[in-house]
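Look for chain A in each of the two complexes below; its partner is chain B in the first and chain C in the second.
So, the complex of A and B:
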């Protein structure tokens, strides 16, 4: 095993690992500051912040010979016998000089800069810089200009690390950004007439180590130190990107990608990034309603729903009635499991079908290995696994519609919770279900004992027919496990509480199963894992990056 | 810290001296203090008919105000530092892009809940542009809780009301702006 010596500590790295000195030092617990290097981008070694002393130790004699000059750690491969010194006087002095050089032309407008609090320039200056500023303080004039529909550039704050330029060239593959002019006049810019307009554009804001690139969606909204961060999973498409939900006081302010080399690496698409606004849409359903023959849309208490729903369904399926359930691919595995259990408890012959699977175009891949999926729901695979445990034929939404249309069922429970398409306001885009499809539920209403339960986030042609209209939770309000298109399972906790008046599906179903205490997805997950071979890998707590179900499936098959 | 902690130093109470044990000298001492206050100048005032005099308005911590710059615009840049420093969480700011070319953002709304405020003066200290200041207005009353939540207009009007009697502290203290 190759051995690297970091500040006198010897650490071993894998024989076929290709690490640079920053990564090797990190393994030894030494953090080398860096601006321009990013694990997902090519190396330019232009910021000079990661300069360290590097040498080699002769394997035979044990003699160490150091390179006389400081070398950039990002560009220097760590090999067997590489000696890295990260904390010598020479290195510290170099860091302080780099910091000072950067601050000569950097406005000290931290109080109004959105990056303040998570800014590398701030952090590194605090840690490695010198307390005094020797340069003149210029009066602040904002050089702010638009880069595109999502991103604003504050040119005076830029430290020319060129991460954003490399991102658009190497990962997005669109190359809108460039470095304009040279020397002290260098600036990031777009080519005239070609704004920064790709589907991954928001990532340049995360990449920017300072406040030069601002996210228009988040600009001026909140200071980052007020935000609480909860690890979550994006519900925008079946890719299931790992995200970080940043929120405070039950309001989401932004979503950020969370590093997960198995799924999304360091990136998320703009659709996912800005796809949280529907959570705070004023047109969201927040009141549970019950419609009977004698009364029209009375609001009901949740405690009454737990018992009333069961009673209604039982009456409806008594005799030769049948219950049909659409298990939405927006639900977590745990919620789907409980929904199927409740349904089979009420009607052992209940039809359990995969709910409507929204799709939009084809899968779209980018040169950096990132793919936006055309299937716009996060958990179709998980729901299919759950239903397969109850009914191996795994009926689809279409077959449920046919059963309902033929009048072969007396009760239908449709879970939806679909966000508005394209992340736009719900009032602008149409509902997930059109009038014609909703009309296929007509036979159900004609039956005297017919009962239609709709659980959705927004009003729809189907919702207006429902006997029970229950509001459902958004993606940041539920906890559980989602399984992405590639059988990759990720568990997550809720980030914010559902709006007042809304019980997340998990809570309702937990109570309908007459479980004690609060809804605990871990309990359900373990039960599902014990009962279903396909989900057996979920028996243990999942690591934060998730788990590949295929490995377990291979082992058991 | 536990009493058994080695860094705790235990000391004995000083034994009473002769004069203390005699009792009478202490009685005389106490009565002298009472008598001195009977004849000395009064420090209390008949509030509210009579107004107390504020020693130094610069360091007095009364009702807040939001200062205006030379053009009469609100000085605040909506940096949220006062809200961050506030231990009582009584400041609520909504920031937005400013309509002026020389300023990047400004407060769309700025509210201070005067009932929640503990008048510690940390907001004043945190403000990088000396926009929020505490005046020497001390008798703040209201008929409802809502009335005591001061919005931007009200805080600016406090400035207009007090600017002549109490000039901006930053000017007298040699501030940067």
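So, the complex of A and C:
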């Protein structure tokens, strides 16, 4: 195994690993500061923050010979015998000098900068900078301009690492950003008439190590040190990008990509990034209601719902009645499993169908290897696996609609929880279900014992017919496991609590199964894994990046 | 007039010297045709190696050795770039060659392309040379018409196309990888090396970048032979196996405060004093010299006492300058303030820094602002320390930048302050009697930038 010597410590790296000195040093626990280098972008070695001393140790003689000058760690490959010195006086002096240079023209307006608190310029200055300014003192100025619909540039905060420029060229493939002018006068800019407008534009804000690129959606909304961060998974499409939900006091403020080389690398799309506003949409359903022949839409307590639902459904399917259940692909595997279990407990013949699968256009791939999926739900695959354990034919939404339309069922439980399409306010876009489709539930209503349960986030033509209208949780309010289009399973915990008056599906179903204590998705996940070969890989706790179900499926087949 | 008979400049001043007919009448293109018919490319490389030719662009790297770095048996294409982005202040020898004897440059390009198996050559011309553009383009057209360029030249299996590419007036385009980026149509930000252009250059293919004067020297070596070339200049030091010597004639650009500024051809190794006195007619107006730039502003500064240094590839380094550079000598007489000189130098580099690497981008503009403040009568002794520190820290040599522009920006600072420190201190104390001793940061001047 190749051995790299970092500050005197020997570490082994993989024989076929192509690491640079930053990555190799990180393995040894030495953090080399850097601005321009990013694992997902080409190497430019221009910020010069990562300069270190490098040499080679001769394998036979054990003699070390160092390169006399400093070299950028980002550009220097770590090979067998590479010696890296990250903390010599020469290196520290060089870092302090780069920090000093970067601050000459920087406005140092941290008190009004959104990046303060997560800014590399701040952090590195604290760690590596000089205690005193030597350059002349400038009056404060600000140069702020729009880059496009999502991003604002604060030109004078920029340190010219060009990560954003490289991102638009190499990953998004749109190349809107460029460097304008020369020397200390140069600035990031867009070409006249071609704003920064692509489906991955928000990533440039994450890439920006300083406060130069501001996300308009987040600008001046919250101080980052108040934010709590919860690892999550994006529910916007079937790609299942790993995200970090940043929130405080049960309010989400922004979503950021979470590095996951198996799924989304370092990126998420704008649709996912800004696709959390519906969680706090004022038109969201937050009250459970029951509509009977005698009364119209009375609100009910959740404790009563647990028993009431069961009672109503049991009555409804007694005799030759039948229950039809739509398992929404927005639910987690655990919630789907509990829903199917509850349904089969009430009616062993219950029809379990995959709920409506929203789609929008085709899959869209970008040069950097990122794909936005046309299937706008996170867990169709997971729901299919769950249903297959109960009914190998895995009925679809359309077959459920046919059964309901023909009046072959006396009760229907439709889980939905769909966010408004395109991430826009619910009042501006139509519902996931149109009037004509809702009208196909007419026969159910005509039956005297007919019972329609709808669980959704927003009002819809179907919701207005429901006997039980239950508000559902949003993606950041659930816990459980989603399985993406490529059989990649990721577990996550809820980031925020559902609004007052809303029980997430998991909690309701847990109680309907008469389990004790608080809803624990891990228990259900293990049960599902034990019962279903397809889900067997979920028996153990999942790694933070998730796992590939297919490996386990191959092993068991 | 000095005894040396010009070779590279032999045709300058003769009528119609830029035409093919004139060049043919001097024996031009016959050497190329002979080499093409009789020698293999590797033999041509050996020929240039044996002549001891070192690149004339500034770094002085042995040309034949550079060609030898190209990968063997590469399927091609291989490119040759002729660096005609002559932007070093004080330098104009390429211009004279291109304007008055373009065929000498083109023949050198052809021979070099044949030697390196390049089938496409780019001449990267700086924007500010419209006449050179016209003359070079006319010469290339003449060469095509005469069957010297194009497919299967003179019935051989060697084909060559030469393209003239006009830059957009940026100093950094003279850096070889900046030039390559610019040819590719990108912003001329120098590339990180390795890989060197010989392995990965224009369009990611093996590429050789040579200076215009180097090309002219190649023509002359082909015509007169390597022995002739080695008979001129300073031989290699037998004590030092790594010294490749300084052979051949060199075009010295003499300007500044001399009686007769101009481009003079002299053997490498002539001293600065000989150049000023014998060629330039001495310092102007009967004054005394104070200092001189030995080879373009980025090479630093020689004091009058150092004028006996030979101007070969080794000489300027012995007195603390960076090197011979482009051999552009700018003489400064005793009336010039060294503060003004350094200010002008810093202004140039702040304007021309490409802005890629932090130390150069921020350092050059910081240096300029300090000099602006000193000249505005607000200087402090501490500023000299900061300038020197900046000078020592920026550049390829300490490793803090990708290309050598920062070294060039640093050298005049280091030389000027180290060699004329008294003058700086006197100036600062005289102009800022109240504040020269202040060490805390001071308010910046409201200055109009370098642009």
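FYI, the second predicted complex is superposed on the first by the 557 of 557 C-alpha atoms of A that agree within 3 Å, B and C clash if a C-alpha of one lies under 4 Å from a C-alpha of the other, contacts with A are read in each partner's own complex, and residues count from 1 in each chain.
As a convention for this text, contacts are C-beta pairs under 8 Å (C-beta built on N, C-alpha and C of every residue); 3 or more make two chains touch, one makes a residue touch a chain.
Just so it is clear, the model here is predicted, and its values are computed rather than measured.
With chain A as the common reference, chain B sits beside chain C without any clash. Legend: residue contacts after superposition of the two complexes on their common chain; A:112 is shown touching chain B, with no touch to chain C.
Looking at the shared chain after the overlay, A:86 reaches neither chain B nor chain C. The superposition of the two structures on chain A yields an angle of 90 degrees at the Cα centre of chain A, opening toward chain B and chain C, reported in steps of 10. Residue contacts after overlaying the shared chain place A:185 against chain C, while chain B stays out of touching range.
Within the superposed three-chain arrangement, the count of touched residues of chain A is higher for C, of the candidates chain B and chain C.
In the overlay built on the shared chain, the residue A:75 is in contact with chain C alone; chain B does not reach it.
Applying the stated contact rule after C-alpha superposition, one finds that A:144 touches chain B and leaves chain C untouched.
Contact with chain C, but none with chain B, is seen for A:44 once the two complexes are overlaid on the shared chain.
After superposing both complexes on chain A, the closest C-alpha pair between chain B and chain C lies 14 Å apart. Common to the chain B and chain C interfaces on chain A is no residue. Those residues of chain C that touch chain A in the complex are listed here as 170, 187, 189, 192, 350-359, 361-366, 369-370, 373, 382, 386, 393, 396-402, 441-445, 449-451. Considering their complex, residues 77-81, 84, 95-97, 102, 104-105, 128-129 of chain B touch chain A.
Of all residues in chain A, only 43-49, 51, 69-72, 75, 94, 97-98, 101-102, 104-105, 132-139, 159-160, 178-179, 181-186 touch chain C in the complex they form. Here chain A touches chain B in the complex through residues 109, 111-112, 141-142, 144, 219-221, 223, 225-226, going by the rule given at the top.
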